[in-house]
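For reference, the structure is listed below as structure tokens.
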């Protein structure tokens, strides 16, 4: 079955071609069918592959399609790798992807025909690239997907291209990703020059022999790539702006799948990271910092999508923390659960926006009675992300926190505090949106309504997943071998675990940790609920709050220290160096010749006497040269 | 100091002095006359060197023919001192300096030439005599002699072309 | 020998024809026939090595070698083309066209003298035979003050340079051990040069530089070329200059080869100066005629590389100079022929020529490209040879670089004409160009291109030369 | 025989073209001829390596040791193919444009094609120099007859600039020729030269050649002719210039400089590379500032060429392979870009980015195609340029010829980011946003433009996905050149 | 007589002639100065011919004669030149009523 893996990316690609080329002629329904159908196909295929992979005695499968680049020793073939990790991501991508496609058919229904098709074409293309990313059997193929998803996110953020703001957001996203990608590329070149190969199997087999410094370098460069793609400090600022795109896009790309590419990549190269402890520390620190920073900002945001965006960044921070402390399974686990509840949150938000045509939560409130399904699912998602047992978020987050505790208490403390913040801002959001009474205009209120089934059904499915998703990884303390995901992924991370075994926390200790995290979560929830359900804060924040509301002025900082100087320098080059120096010199030669001509021709005075005089002088000079200088 | 030497020095001084006068004298006519003096002095030198033929030709052709031609032209244009207003003084000085510099350079070049034992044979040696020159001219140098006729022809034609009224 | 005698004789014929025949056409065809006849006679001389029509014992005053004879051929051929193109314009200069042609033939006699002299006496007579008729031709449009002025300037300075040359010859005579004027004897071989020799050398260099108009002895050139009737400028700038240059190279190749270290530097300096002044000054000119005068100076700068190369074992220098003279003469004659027919000799005069006279513009472009030394034209190989020569000597790398930079400058003023013809708008002006005239120009242009692609037929002839 | 056809077909038909008075006939004629050339070149691809048909040699100037010898090796194949592809593309793309006396215009275009072909196939230095100049002349006339307002000065600056360069190169060629044992201009005897040329001479010889090629490419700081010329020439000519002609410089570097003067190249590689990198960053930063589409593309081209030149000096198999394929890619990409620029200018009469906007609404097809081309220009994976740049960068990184390989890679890498910046800026300002009074009534592209753009885009994607055949094409050539470059003294 | 004397004498005359050409502006006088230069050369040639004769008379009775022949030719040519030159000057005078070379500046630059 896994021989047919190429079908998985292929079918969305076909969908892309169909929708892209025939966008003028297809009806909306047909477009929708094609788009969802193709993704569904690949979901089914992935499922089949998944069952393959689950059979014991399964060996990692390399499906090589054709030679991409073969030069001398360097052999890069267009190959896919099927193993537990990739197949897991396949399921997440295609599954969540499919739901979001379905959702979009309703959400984007007001678009004109061909734009509608354009949207789905992009979406399919994205799924395709994402699949390439996770399937690639070497770093080059992975990079193809890596940049592919970047492109799609660019296209989708800028989907409403008439709006210049959106365009800028898209551009920002692309360029920041590019910065990361440069790091990724250089890492690849380093591998080529060091290992002479880019295939995972070869690189990982050669890695242990390489000096630690090299590995640290490579891994750090890769991590730079990850920070770009997965919105970590310092390259995270694009993600909140990326909310310019249609909400389903935010759900799919900027919550569920693309942004987790970085985690996938590092989990994939776990061996190299395990061999480079320095890098791990860096990752852990960056992860923790990002988690805290983003959460703190989320506390004061009033745009429903912005809140979710920052919470995404913060959650991603958690995942990196996990990677940093070597809890690869935990990271992947959180990716999965996060995919469920964050997608759900976004879709819920989308449904709200769809109904209220409004994104500012201060103008909402009391939606509970208007759109029950949305409300319930959203609530479940909030509970999940807040880490209330037995919802999925609890398990994954808890695993990460305990691992962090194991590594270094500080990580844990920060993590726990972030958990508190998370619970707080999520329920602030929930409360201001759904509780209380509606604060929008009357005619807004007039056509508030529950969204159509194409929207609610995905919500419900995702809600179920968000609730039960956690049981894929029940901590070992409850029952031996209950952590199914760990078992499942163990072949992938076997290498790292051989190198240094992650000794599990003592049972009682772990239970204590759980208690703490649950405690903080509940505190956050309760406080937020009580604070905002009746009287939400409607006036703009002040003092420290303002600092948070304005996102610590990071964007402004970047503007001041990078963008502006670069522009100024460019202007300087263009107007001063180019025109007044280089070109001036070039033309100067011409001018000099002209001038010299004008002067020298004055020798031709027209006077015979003058001529003869000059001739004689010339003769004398010849004599002097010949007789005096030569001797 | 043999008479030859005295004669040599006399003629040399005469030649140089009158040459200077040629350049210096205001009126063209005077210049012509001084030039004729130069020619006579030089012919004297020729005789001293026992080159009678050249000496005679020099007198006949130059002093006789050419200078007369010059005189005619000058008379024809009745040029006199006034017709030549003062030329730019600086250019004059520059000219003199340049001429002097040329002389200096020549002298400088020649001073380290060892020509002490090289003597020019004076008042003896047969080669200057018409008979020998004639033999040489019409045996070895007949081709140049004939060729120079072309030159004359062209000069003649030229003079005609230029002079002819249209 | 044929060339010398026949050219002189034909000069006489032309002279009388002027006296007896009133019909200009007859005279014209007579002249053309004469040129053709000269070519044939000279070729006969060339191919019947050693037994020409006339058996004259020149007492080694003259030696006729392939090089000299080829130069004659080129000179006569150029003259023929020149006659065919511009005979009419010669007639238009003044009343007595017969005499003009006669003078031109006398000049040709001088040419064939300086290409075959073996004795400084002949050189002197040859140079004079070359110059004196030109003084006349320069002044031949008698009412034109510019023409008069040019003629007088030319004459005075020419006479002056003659004086310098004679002094040089005198010193060489004094320096030569055997007291002879034969160019084989005046060379000093390996013996240390006496001051007399050095002086003679420099003085001769000076006067030759004057004749070929090399800086700083070039001052007569622009004024004379500008002042004299355009037809005669064309003749002076091509045939005569080439001949003078051949005299130059012949003397240095035969007598002063061993003394090369002594004059290497001064020639190099003169070359550099010539390239610089010639090219730079041409840039600012407003009249094409005058620009061509300066450009001819610049071209001489390149030719002088041949002098630097005479000491080479190979014949590159001689081959090169021959190619150069051919290329340069053909192109210049062509351009001047067109220029003569134009009312306005300024650059503006050429504006829009391509629209009104596409053919003339086309051939003119070929000529200009050849002068600029663009590949596919004879001019390229000419310059190529000069560069090879200079690089072979191995001493003049700086000079070569300098030369190519100057060549780049030269492109500037040659292309000004092209720009005027093709890219500028201008009102139509009457240029009387008969089909014959045009077709002849086309032939010349084609020849230039052919030489540019296959310099073979010249080179192969040259590579058998032994001096 | 095929290389000869490459030269003769356009040459002769170009000469014929001068006599076609009817403009449209000339147009059709030249289109036909260029297609014929394309067919020939495609046929040449089918022939195996060193098939007899691929090289031809005839006596030309025996006494000068120069032969009319032409050959199609990997390098020539890829560049002749580029030339053969470009011209039909250009002719079709500009089919609707009406030039004054078109007969001459197209004739000159064909002549320039002949010259370019000659440059790429010549294996005799003198012959190479000949074609080098001949390719220049027609372009000079094209630019200064049919160009913009400042065309005469711009074209002349261009001409003088390159002419100086080529003359310097001529000196170098002659010098090498004089040092060959068998006094010949043939590439083979030039290869044998190494042992005869002392290091000191290698130095200045290297610079003589490098300046000539650097001007043509152009490399900072010899680049100032380029933006003006591109801006002033008619777009068809600009396409020739930027698509094919700049490759002459790289070609010369790869064919005549690097393997022949390996020593000099090795000694001065770092300096030259530094120039390239400065140029890349410099050009990119300036490109960001440009408001004129043509100038924008011009500067971006400078940046890309700089990268290729840099990769040549890296002296690695991968790098050189990258250069080979990238020369082709850059050619078609930039031609596609020019086509778009041309369309915009012809419709709206302006190239000012600031005056445009919202074209995506009016001309969706055009904008989609443009976006693909632009993405190719920023070397996005699965476009042709990615393959080239990936190989070049990894070549530079793994280079052993320099000790600064990492520095070079990183600094050069910055230009990737910058290229994204200016390209996306352009796309956004021109195509996104709202329409304004000027762009209100833009119509989408017509059949011929669509045809050619689609073809180019397909080519871009095809090479991007499956580059291996193209790489195979140049394999052996690359190996030989690299071995020669590594045998330094 | 030592040859240097003659050399210096004729060089001196020659340079005086040159100086004359440089300083005077009357065409005729310039021309005369040129003639002076020629005569200086003649004198030098004759002196050299006698020098060579003195040196080589033993081997060759007519050694050095060519020098004097050359002088003869110089005179001949000079005569021809004068005829042409004066003709030109006269023509000039006819048109401008002056023989002042400083008026010759229509052609310059």
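Letters A, B, C, D and E mark the chains as written, and numbering starts fresh at 1 in each.
By our rule, a contact is a pair of C-beta atoms (placed from the backbone, for glycine too) under 8 Å apart; a residue touches a chain by one contact, two chains touch by 3 or more.
Predicted model, so just to flag it, every value in this text is computed and none were measured.
Contact with subunit C and subunit D alike is made by A.
Chains that count as touching both subunit C and subunit E, per the definition above, are A, B. Farthest from subunit D in terms of Cα centroid separation is B. With chains reduced to the mean position of their C-alpha atoms, the one farthest from subunit E is A.
Put simply, the C-alpha centre of subunit A and that of subunit B have 103 angstrom between them. In whole angstrom, the spacing between the mean C-alpha positions of subunit A and subunit E is 98.
One inter-chain figure worth recording: subunit D and subunit E are separated by 66 Å, centre to centre, where each centre is the mean of the chain's CA atoms. Averaging Cα coordinates per chain places subunit A and subunit D 37 Å apart. Annotation for subunit B: residues touching 2 or more other chains are 87, 91, 94-95, 98-99, 102, 106, 109-110, 113, 140-141, 144, 148, 151, 155, 158, 162. Counting only residues that touch two or more partner chains, subunit A has 590, 601, 604, 606, 608-610, 612-613, 616-617, 619, 623, 627. Those residues of subunit D in touch with two or more other chains are numbered 160.
A complete list of chain pairs in contact reads A-B, A-C, A-D, A-E, B-C, B-E, C-D, C-E.
Residues of subunit D touching subunit A in their complex: 157, 160-161, 221, 224-225, 282, 285-286, 288-290, 317-318, 321, 358, 360-361, 364, 375, 380-382, 386-387, 390-391, 393-394, 397-398, 409-410, 413-414, 416-417, 420-421, 424-425, 428, 431-434, 466-468, 471, 475.
Touching subunit D in their complex are the following residues of subunit C: 369, 374-376, 384, 387-388, 391-392, 400-401, 404-405, 407-408, 411-412, 415, 419, 422-423, 454-456, 459-460, 463.
Residue ranges on subunit E touching subunit C, taken from their complex, read 3, 7, 10, 14, 17, 21, 27, 30-31, 34, 37-38, 40-41, 44-45, 48-49, 51-53, 55-56, 63-64, 66-67, 69-70, 73-74, 77, 80-81, 84-85, 88-89, 91-92, 95-96, 101, 104, 106-108.
By the touch criterion given at the top, residues 152-153, 156-157, 160-161, 164, 195, 198-199, 202-203, 205-206, 210, 215-217, 219-220, 222-223, 262-263, 265-266, 269-270, 277, 280-285, 409, 412 of subunit C touch subunit A in their complex. Put simply, subunit A touches subunit D in their complex at residues 66-72, 74, 114, 140, 143-144, 146-148, 151, 154, 158, 161-162, 164, 167-168, 170-171, 174-175, 178-179, 181-182, 185-186, 188-190, 192-193, 566-567, 569-571, 573-574, 577-578, 582-583, 586-587, 590.
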